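Starting off with a structure, shown below.
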Amino acid sequence: AQAQKTDTSTITIFAAASLRNALDDAAKAYEKSSGNKIVISYAASSALAKQIEQGAPADIFISADLDWMDYVEQKSLVKNDTRFNLLGNRLVLIAPKDSSVSLKIANDFPLAAALGDNHIAMANIKAVPAGKYGHAALEKLGVWKEVEPKVAQAANVRAALALVAQGEAPLGIVYETDAAAEPKVKIVDAFPEDTHPPIIYPIAILAATKNADADKAFIDYLKTPEAQAFFTKQGFTVLK
Amino acid sequence: MTSMVPAVSVSAFQKRNGFTLDIIFESDCPLTALFGPSGSGKTSTLNMIAGVHRPDKGRVVIAGHVLTDTQAGIFVPRHRRRVGLVFQDAQLFPHFTVGQNIKFGQWFRRGEGSTLPEDAIIAVLGIGHLLKRRPATLSGGEKHRVAIARALLSSPRILLMDEPLTGLDDARRMEIMTLIERVRDEFKVPIVFVTHNTDEVRRLASRVIKIADGRVVAAGTPAEVLSP
Amino acid sequence: MFGFSPDEWTAILLSLRVATVGTLVGLPIALFLAYVLARWRFPGKVILDGILHLPLVLPPVVTGYFLLLTFGRQGPIGKEIYDLFGITFSFRWTGAALACGVMGFPLMLRAIRLSFETIDRRLETAASTLGANAWWTFTLVTLPLALPGILVGAILCFAKALGEFGATITFVSNIPGETQTIPSAIYTYTQVPGGDYQALRLAGVSIFIAMVALIVSEVLNRRIQQRIAIFE
Amino acid sequence: MFGFSPDEWTAILLSLRVATVGTLVGLPIALFLAYVLARWRFPGKVILDGILHLPLVLPPVVTGYFLLLTFGRQGPIGKEIYDLFGITFSFRWTGAALACGVMGFPLMLRAIRLSFETIDRRLETAASTLGANAWWTFTLVTLPLALPGILVGAILCFAKALGEFGATITFVSNIPGETQTIPSAIYTYTQVPGGDYQALRLAGVSIFIAMVALIVSEVLNRRIQQRIAIFE
Amino acid sequence: MTSMVPAVSVSAFQKRNGFTLDIIFESDCPLTALFGPSGSGKTSTLNMIAGVHRPDKGRVVIAGHVLTDTQAGIFVPRHRRRVGLVFQDAQLFPHFTVGQNIKFGQWFRRGEGSTLPEDAIIAVLGIGHLLKRRPATLSGGEKHRVAIARALLSSPRILLMDEPLTGLDDARRMEIMTLIERVRDEFKVPIVFVTHNTDEVRRLASRVIKIADGRVVAAGTPAEVLSP
């Protein structure tokens, strides 16, 4: 009887917008193999977290950082023992394709000098995970003070990427996944992992779900190599 | 009851910036003419009767119906006064055709009191060929005639006509005067008529109220008032 | 068709529905409030006026969050409406329509009010002396004379509703088939690499719909103007 | 003062400046285009009309992205303007004003056009028989008679500019002191767990400014209405 | 040159929906009266002269100046025609005071040709006490008088008056007629005058053009045209 129920159920996932390509592919493949229907609502993690708090009909939440998952968990909206870290990403320094800049990321590296009068595009350093990580990294490397007045904070990583791709900003800090797919930019260097908190996309089944078994089945699928291939293809690292 | 009180009894006092209206008159005649120089307060007086304006102090009684009485706190709303007001500047509805304009009052007052003969009115006013047109395409005199028809057909208990015959040629004026006489005599609708034309007063009115500077300066038969 | 995926078609149709419903449901309310603001004098009028402008002044995200708090499943008004009419807004297309309607509302209200304020009120007086009470005067004289402004208001609201994104996604999220409108779909495309082309295509659909709406409104407007022309 | 941080004060003042400049610079252009759309007939009028509505129809992010492409440092128009006038938009408050102005522009345009379309054109004829050429007729008759609509348009644009977020942040991002307007600051707060209180306080400031603008416009409007009353 | 051609020469043909205007007349007289029933095309004719409308076919020549000539493709724009048009329905600017309304034309035509005596005009029209008021607060007759003043003071090369004396009391009309005579004789401004009033025609006009249904049906001296 349980198997039947699983067959016909719809799983609603609230996911950070940056996951779209990979998660869509994975969901499509899973729909084919399992017969379940998967509906995914992509938005900023913050908006999704607040909607979950207000009783959104979501079964699974995938956040782009730990903070908003913590927020949801603290309100007891997460089903116990279902949370784990699904994906990771890397933070890189980028420049427009035709830029001649060459920088090696290290302590006190001459970022501010490389910028001159121009700005470095980042995602919002208080609000957006990529911005927070970038901020932490620059602090750790001891260059934040100098660079701070030259930071242009975009609404999200994609907007920061666009600023660099358009040549508005000679440098930017984005995820490797974004940089890899944009032909108009090149990666100058990657930030060492120890310069910022780990970049993690946590996933959890929500307490309000009516269909924990189906959710569980999908999450199990996400752990399979088949599903993981979709994520690695987009540049994510799969966390074990 | 109607025979006890005058057909029209108006007293209205109102101060507006520089102008003070202070009108008191009564009339039992079928047609009362308001006569007086430009700016003397004729239109204002009609507005008081029709309820377009509310006097600071005053009382309006038409055929035994108290329409306004500031002391008693009575102010019958305009749409229940059943006055047929021919505005000095026509005030046709621009979004309706001439025919619809004429039907407007007729429709709201259907079943109330006697209706005047529509065909005769349209024929005398010479607006039969205009019924499908919109007011914006009418000449000045044509607008005026439509406004007269609209008021006549709204089954009024009293007709208030503000210079209805100005801007019309003599031939047409004669015909319309005949129509007004018919409305007055045959249908027994009392009429208050504003005009500057002494011929019209002599022919139509049995009582003339002469106004100057917002006050009644003379009242009586045409012969008495217009003599000098 | 035209190479749009089924999800995209759903979003397009949903956007149409949301914008239409949001505008049409808002219209009578806007007419009423515009009339009240144009004609009545009462204490607190400026406050009411200010409140009605809020969706314009506040960042859409704030409006959306406010809607989430009040019209959501647990929100005071949302609960009440569910109990009374059985309508839920949260995470339903109805909520998207509400959000879009609310965001477009001030635009509609203002245009209509402007029309009401510039009508020649002597015509309303004329109507009342002919026996029309306040309601009939409004219906037969005020409303038709204000039609150009009502049309402008409706088209502004509709256009705004087509483009509304911030309040909608914050209030009812971005659920394909239920609350994913064209703008939310565009947003999703812009958030990952390689989505620009599809985003632009969807934007093109929005533009197309708006163009059609505009042309229809222009044609209507020309007819109305001809009809109510106070000049030849 | 009032417990706002210096950064918040900067954002508030910047928002005021951006909304004011965006509205005032847009106003003459809106007047011109509104007149053209209301009075002239030319091929492609609907297309022009449609283009002018775009900022309303498109999600703000798309408009912002479009501004980035055209008015940015490398953008064709941005480059031109820099060469001609030495004005840069990218990452400057001027860019924020541009974005806000563009987003509010259709609202202003529509209200003004509506006013132009409902003016009694016989008065313009009267002016011309008295010797006023087209320009004087416009200045002395058309413009003053359209003032209520112009005021409504300006206030709608100003209010919209105060609340504009998506296009601004996409175009000029969010640099405290240079391009961080109230909505960007609010957005930042709403994205941080626990930032709701500060977000609301800033929203309150927006509301306050809009209220003051509204009251001023109401007072002006009442005066204008009294002056140009075609009825007593 | 002016003596060679008539002061006023009008030929205008225009078809509009149901109405065809087909007017041809000339006049060398100081004051020409247009006379005819309501809706016959008098206002339309003045509009053709003033350039308010453009005829489908026609030619308008005033004191030797060709203002309209459809064959030669001439159409002098309204603001350069220097006609003083008194509109049938006043058309005062609602946002200006009476004083500003009057100044309007005066200002645009300052320095062009002789100006009529402002004080006398204001006194005769009896609008001195209204100068600070706005048109919305004026009575019908007051509006008309302001419109006359506005046109007179715009230094016109020709005056086109559309029923300027309707809605005014006899005393005022007499005074204004005297003023018009003065403008006509002393300042030598040719006048085209629309009226329904035969007395006015007899007193003022030396030539009458009688119009009916959009055509000139008679032209001549008042005695000739008004005889039957």
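Letters A, B, C, D and E name the chains as they come in the text, with residue numbers starting at 1 for each one.
Simple rule for what comes next: a contact is a pair of C-beta atoms (placed from the backbone, for glycine too) under 8 Å apart; a residue touches a chain by one contact, two chains touch by 3 or more.
All values derive from a computational prediction rather than experimental measurement.
Undergrad: Note the shortest touch-path length, in steps, from subunit C to subunit E.
TA: 2
Undergrad: Considering only chains that satisfy the touch condition with subunit C, which of them also satisfy it with subunit D?
TA: A
Undergrad: Any idea how many Å lie between the Cα centroids of subunit A and subunit C?
TA: 34
Undergrad: List the centre-to-centre spacing of subunit B and subunit C in whole Å, with centres computed as mean CA coordinates.
TA: Using C-alpha averages as centres, the distance is 46 Å.
Undergrad: Centre to centre, by mean C-alpha position, how many angstrom separate subunit A and subunit B?
TA: The computed centroid separation for subunit A versus subunit B comes out at 80 Å.
Undergrad: Out of subunit E, which residues touch more than one other chain, so two or more?
TA: Residues 137.
Undergrad: Got the subunit A residues that touch at least 2 other chains?
TA: none
Undergrad: Going by the contact rule already set, what residues in subunit C reach two or more other chains?
TA: As it turns out, subunit C has residues touching two or more other chains at 61, 65, 122, 187, 190, 230-231.
Undergrad: Go ahead and list every pair of chains that touch.
TA: Contact pairs between chains: A-C, A-D, B-C, B-E, C-D, D-E.
Undergrad: How about subunit B: which of its residues touch subunit E in the complex?
TA: Against subunit E, the touching part of subunit B is residues 16-18, 36-39, 43, 88-89, 129, 137-142, 144-145, 162-163, 166-172, 196, 198.
Undergrad: Going by the contact rule at the top, pick out the subunit C residues touching subunit D in the complex.
TA: Checking each residue of subunit C against subunit D gives 46, 49-50, 53-54, 56-62, 65, 106-107, 110-111, 113-115, 117-118, 120-122, 148-149, 152, 156, 159-160, 162-163, 165-166, 182-183, 186-187, 190, 199, 203, 206-207, 210-211, 214-215, 218, 221, 225, 230-231.
Undergrad: What residues on subunit A touch subunit C, complex-wise?
TA: Counting only subunit A, the residues touching subunit C are 12, 14, 17-21, 39-43, 47-48, 50-51, 54-57, 156, 158, 177-178, 180-182, 234.
Undergrad: Name, in rising order, each residue of subunit B that touches subunit C in their complex.
TA: Against subunit C, the touching part of subunit B is residues 50-52, 77-85, 87, 91, 93-95, 104-105, 108-109, 134, 136-137, 150-151, 154.
Undergrad: With touch defined as at the start, can you tell me which subunit C residues reach subunit A in the complex?
TA: So the residues of subunit C touching subunit A come out as 61, 64-65, 68-69, 72-75, 90-91, 169-170, 173-180, 184, 187-195.
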